[in-house]
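The two complexes that follow have subunit A in common; it is paired with subunit B in the first and with subunit C in the second.
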Partner chain A sequence: MGMMDLNFVLGTYLFALIGTVAGSLISSLPGLHVYNVIGFALLFYIPMAERFPVHPFMMTAFLVGMLVGYGFVFTVPTVYLQAPDDTLVFNLMPGQRYLTEGRGHEAVVLTSLGALLGILALVVLAPLVMPYLKLLSDLLNPHLHWIIGMVILYILLSEFPKDFGRRKKISGRLIEGWSTIAAGYLTFALSSVLGIILFTKTLIEPSRAFQNLMPALVGLFAAPNVILNLISRREVPRQVIQRDFDADHEDLFNGTLSGVLGGGFSAFIPAVTAGIGGLLAGHATAQWGDRSFMISMGASRVVYYVGAVTLFFMPLIHVRRGLLAQNIALFYAPETHAQFYLFLSAIAFSAIVAFFMTILISRFLARRVSARSYRIVSAFTFAAILGIVFGMAGFVGLAVFAVAAMIGIIPVIYFSRRSNALAVILVPIWLNMSGLMDKVVQLLGLR
Partner chain B sequence: MRCPSCGREIPEGVDVCPHCGARVTKRLGMRALLAFSLALILVGGVYAALSLQGYRTYAQIGDLSRKMTYASVQVSGIVTGSPSVYLNPRGMEGISFTISDGTGELRIRVYGKAAQRLVDSRVLPSLGDRVEVSGTLLWSSAGYLYLSVNYADALVIREDLRHFQELSITRIASASPSELEEYSMVETTGIVTSVRPMEYLVLYTLTDPGSGSSVTLVMNGLTRYVLGDAKLGLGNGTVTVRGALKLYGTEWEVELLTVGGFDAPAAEYSGSPSSDPYSLVTLEGVVESLSGDPSTLPAPFSMVVSGIPVNVEAYAGRPLDLGVGDSVVVKGILLEGPGGRYVEVRALTMDGVWA
Partner chain C sequence: MKGFTHYLTGITAATFFLWAVRSAALEKSLIILLGGFAAILADTLDFRINKYLYRHHYEVDMYEGNLDPRIPLNALLRAMRAAWETGRRINIKFHTIKLSSDRWRQYSILIDEETRIIRVRIGPIVTTGQVPFPGTEPPEERAVAEVVSPYPIKYGYDKEINVDIFSGPDFDIYREGDHLIFEFLPWHRQWSHSITMGLLLAPLGFLIYGFGKMGWVAFWIIAVGYWTHILTDHFGLMGSNLFPPFTRKRVPGFHVTRSMSKPANIYTNYTNAMLILWNLNAFSPSRIFTLPLAEYAYAKFGTFASWYFFGLVNWVALFILPPILVSYALLVLYRRWYYGPPEVVAPGAERVEEALSESEEYLKG
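== the complex of A and B ==
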């Protein structure tokens, strides 16, 4: 397929639209990662892809639409359905602080505006940087092990600056301050061990092995907040639907720039995920305040997720970064410039749909959000997560999920950084790349 | 007055809300959001148009330089370098050939699935073909530019521009280098009188039975790969071949079209030891003597079957557990040598020995 015809282009848009709407609705539920849903769908699609009446490119457009929808709408449950306690207002992410001020909708709009600008930057820049990415990739590949090592070091060191320790006694302040840091390092250590076990042992049967890490990721990142929502007692103040928003062009530029850089870095470097991209972008923009922080978070998330798949569609590069690219590679291999441009066009189209869906869903929720409503939604989500984990990975998957959830709840209880749990991916990949995996595996008695 | 962000009462004229810290002026309106969306629509539209047209930059080969590495270009020209195939232990890796547009020559490499699609569709370039091809310009570590092609449709072979000039073997064999045009397409007729499998190519001698003149036929590596066992060989009778003229030193050769380069009657092994030489024969009988070890193919061996000598060429068949006194069926070509008639079982044909 070199030359595209108009029907094919329109068909691609249609599938991207369906994917975006589906992804947006799924992402409205807190804690349900679109990768899990995509993986679940592909479990059925891939075995019969050859006979499926849908062209694989359109299936790809559908999946990318879901991913774009997720990248935008994920902000909504993050802001509305992880409602914080008043006393924690100074330790919250800006989005949650906005919610306590009745500005949840504004937080959602600013974050998704960041995502829109992130996508705009991505689709404009992708063809321009494409000729240099292959060179950059060749240049970086021999050095990835120490780059990832530096990222790990960055995560560990960035745990330090904490503002806890308000007790009167010095010992009390010491314990309070260090308990957070210790919890962070404990999370890091346990996640690393879990990751090493999952990378070296085939716990999940080989036919489902491409979902090997899924139960752990869901347990570490999705389950803790859902569980917390189920047991918490919080009040959400009345929300305002704003007609205009507190941001200027400087905020937009700074936020988008740092988000695109952070997201781009994590999309390009293997094992580095959106969480790290967000962390980098967050640190880069901390001095510019909440507004650019939220914009950068929106931008870094979509640039990471969508950028990773974009690398796969770039002619001559075809790097498989991120779970979606790896899954698409199981049934489709993009080849042409024409496909690449149609892919970017479908992303742009999906992003516009997702942006306005985010605003609509946010307006809907802003009027209705209450402690009771998010507990019901959380219960439903928890059941859905359990069902998907069981469906994809069976009882062993549920066991891995339970262990991961117990590790994942540590940062929630001790207010340490959640990014420490990313050690589940970073550490095993870093060990593999630096040739240390065998020694560590022997040391842990796994072989 | 209410704060436009948190909705609480604020004094008139303040710039910042005392409750939530939001700016009351210098705010972003819906119009700005729509403007950003419109920008994205425009970019998406441009990309859709690019995908509809394909993406290409026409170029003359002479204008290409190393500075253009990674550029997407489209070039057109005549195939002047024989199409060949790259193989690896897993199968075909790609197809390669060279084109010239009068300003320079450029190597074209078609990779992976695109190459497999070309082979499957049997739409393959031949020497002398006019082609239009788009791809990405790359610099080889061996120090030359080449065009990397990643999809089958990027190669358009103008089969409609093939015009075959009918020339006799005698005319081709006697022509001086300046008398004929290199890479022009010709059609000629003769009998295959020798087959020389090389590492990548197969060289044939095509002889005019009337005048005894002969010309070398070249089957390129890609054709050999596509055909599998070569179906052109000794004993096919009179064959009509089509291909492009090519100079080898001062002699003209004909390189066969990659697909459809010859019309050869289907080989029928209906002859007997008393038929005319060059007939394809089937010989059934008992092995009377044996020289060489048939179980160690690809080594050649010879035997006498019911009084007729049989020579089996290297690579002509599978290892056999064969001994004196065994019954065999031999299919091969009847030849005449100083010692009388014998049957030759040839490689790259349908010949064979069955115990």
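== the complex of A and C ==
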């Protein structure tokens, strides 16, 4: 790359910085996924890319900065406003607990620390594993259908009854114990059908097609807790902004290890998102404890999002995983090792900026979240979510959102696993890869 | 082992079947999943069904309004007396005390085999993560009840058992000679964790794939997948009942590791992942890589079997063993440096920890 002079490098960092700050601010809003914003930005940028006064590489640095900012800062609305996305939904349980104990800021810091360590691991490991990834990709490609099937089957088989049941008769105890599993399976079935409809029917108008899944994801993952907070009378205690945290080096190591494995797996395997990847890796590494779990979720999330784009920037590999990589491919094709290393250094720089942005935004919100009634906070959150869904996907989007929210609330009420709702993505992609989609679509009467 | 480790081990076992990998690659078959399904089934049967079928003669079910340590203590004494006098197995179940979605009242039961002291203590309120809220314990005089057992006890577990989250523990008490024996989670790792059960379930393969070649492949994938669960569990302490109805008791495990051990699970899963990769490559219609020893063997013997076997040895020697050995050596050195020499833990305490951690893993999800 002939233009790899100091000005170009500094320009790349500058755009990464702008992107990170913009992504961080946008990510403070509950329910808004950075992909939606990037989608809109590209809608305007791509037609005029050649006339745009900025080098496409700098534009990618800006977009990746936004993604890194989102990867870090979205923890804040997840913890304080209880409005996660699909990748952070498992973080909600310990996050909720920490919030009710006045330790919301600690939950945010631990998750962000995991994210920072995840990026560090990504930057160090990416060049080392690069020579093997092409081989791995060629080896696994014919087998992706059963690998995704394996993830789905594990979700279905690994949930166990949480309650023993107090009834005298065996049948009564079985019914009591199985209520959580039945609720989980119902969530899985309904989410699958919703996903199949969204993947096969164009519900959202074509000009906004990239927003097709957004209302469903927000409805399934962000809305249920916000709705429950609106109905219930729970209040959030005053949040303590600590300077010291009792995560030891083993928590950091274990959390990062499982997060990087989970994020790496989900970045590489289509349809598997960071939440489920992190969960699987947590089980695979016998993870235990809230702190380690939150660190792993932070790491898994950024490795998933940023790792997917990193695969695209790897010379000779250029695997297009994730929406950002697919969109960047529309206007830019990375070629050289120099570009790859500049890209890695830009994400490391963005991660440091995003980490401090997260701390600042978390402190800002921690001081305010307990100052008002949590129902009012939840009402504002819900209004923001509705506004974003409507703005992005219109009335049809709101309808999809409502259906998804009703499905998403089932596991919250019955304490079954929320991972079942991830069937909205997993099942349609798995059906496509297994060549079964047409049969299922016919069976459901959708064609 | 953890549920995921069992699952992945079953999947790995399935990839050792050439026709399973071939049909997955060429015909988009899902037959490999049968291995994972079978491997996790043993615990599914126990934790989803068997525990509900088991009969409890006594159930301790306190709530926040009637917290009294004498309630579980008296129930336990009654169960012990019934076991002593009737000579039958008597089961007692201790229910947990749920206060809200994330709050539980903890109580603990201590049974001391040597002094025969049985002590129940009402503990603090804890979170689902078993983190206690300090200051929520009742006053000492209302928190503890203690008695000396009128019968000699063979308890085997020298650890205080906490009853706190989700579903509480239960144990069988029975008389053997002039002692009362306590057996933890008696419904777990019995008929479901047996070689016999694997054989009984294997014909499901014929049901799915018919009586042709793939039916037999599915048959063996289910049987072997199921047996991997029994085998990996056997590396722990608790063991399994291997050949019911011909055997009635659990055969103790090999005492190599514990089901919740982090290194054991990580290394097993790493080995699984690497073996899967080797098998996918070896059995694929077009192989992507080869290894020197495999090539040497093929040149010498001229058979695929020799290529596969020597290649596998080469793969294990190069990519599986060195990372495990080096990282384990580093881990041991680090632990000695940071924590000092390892503490000796009584085997009974480990056994109960294994049983409880396994049940908690499934409950927590």
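Throughout what follows, the second predicted complex is superposed on the first by the 341 of 447 C-alpha atoms of A that agree within 3 Å, B and C clash if a C-alpha of one lies under 4 Å from a C-alpha of the other, contacts with A are read in each partner's own complex, and residues count from 1 in each chain.
By definition in this document, a residue touches a chain if its C-beta (ideal position, glycine included) is under 8 Å from a C-beta of that chain, and two chains touch if they have at least 3 such contacts.
Remember, predicted model here, so these are calculated numbers, not experimental data.
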{"item": "Touched partner set for A:360, first subunit B, second subunit C, both or neither", "value": "neither"}
{"item": "Partner chain(s) touched by A:243 [first = subunit B, second = subunit C, both, neither]", "value": "first"}
{"item": "First (subunit B), second (subunit C), both or neither touched by A:170", "value": "second"}
{"item": "Partner chain(s) touched by A:254 [first = subunit B, second = subunit C, both, neither]", "value": "second"}
{"item": "Touching partner for A:444 - first (subunit B), second (subunit C), both, neither", "value": "neither"}
{"item": "Partner chain in contact with A:337 - subunit B first, subunit C second, else both or neither", "value": "first"}
{"item": "First (subunit B), second (subunit C), both or neither touched by A:102", "value": "first"}
{"item": "Residues of subunit A touching subunit B in the complex", "value": "1-6, 9, 101-103, 106, 109, 113, 116-117, 119-120, 123-124, 130-131, 134, 238, 240, 242-248, 252, 315-316, 333, 335-342, 344-349, 351-352, 355-356"}
{"item": "Touching residues on subunit B, where the partner in the complex is subunit A", "value": "4-8, 19-20, 22-23, 26-30, 33, 36-37, 39-41, 43-45, 47-48, 50-55, 69-72, 112-114, 134, 136, 148, 150-154"}
{"item": "Subunit C-facing residues of subunit A, complex", "value": "93-94, 96-97, 100, 135-136, 138-140, 142-143, 145-146, 149-150, 153-154, 157-166, 170, 173-174, 177-178, 181, 254, 280, 283-286, 288-290, 415, 417, 433-435"}
{"item": "Residue ranges of subunit C in contact with subunit A within the complex", "value": "2-5, 7-8, 11, 24-26, 28-30, 32-33, 36-37, 40-41, 43-44, 47-49, 51-53, 59, 61, 93, 95, 101-102, 127-129, 131, 166-168, 260-262, 264-266, 269, 277, 280-281, 284, 288-289, 362-363, 365"}
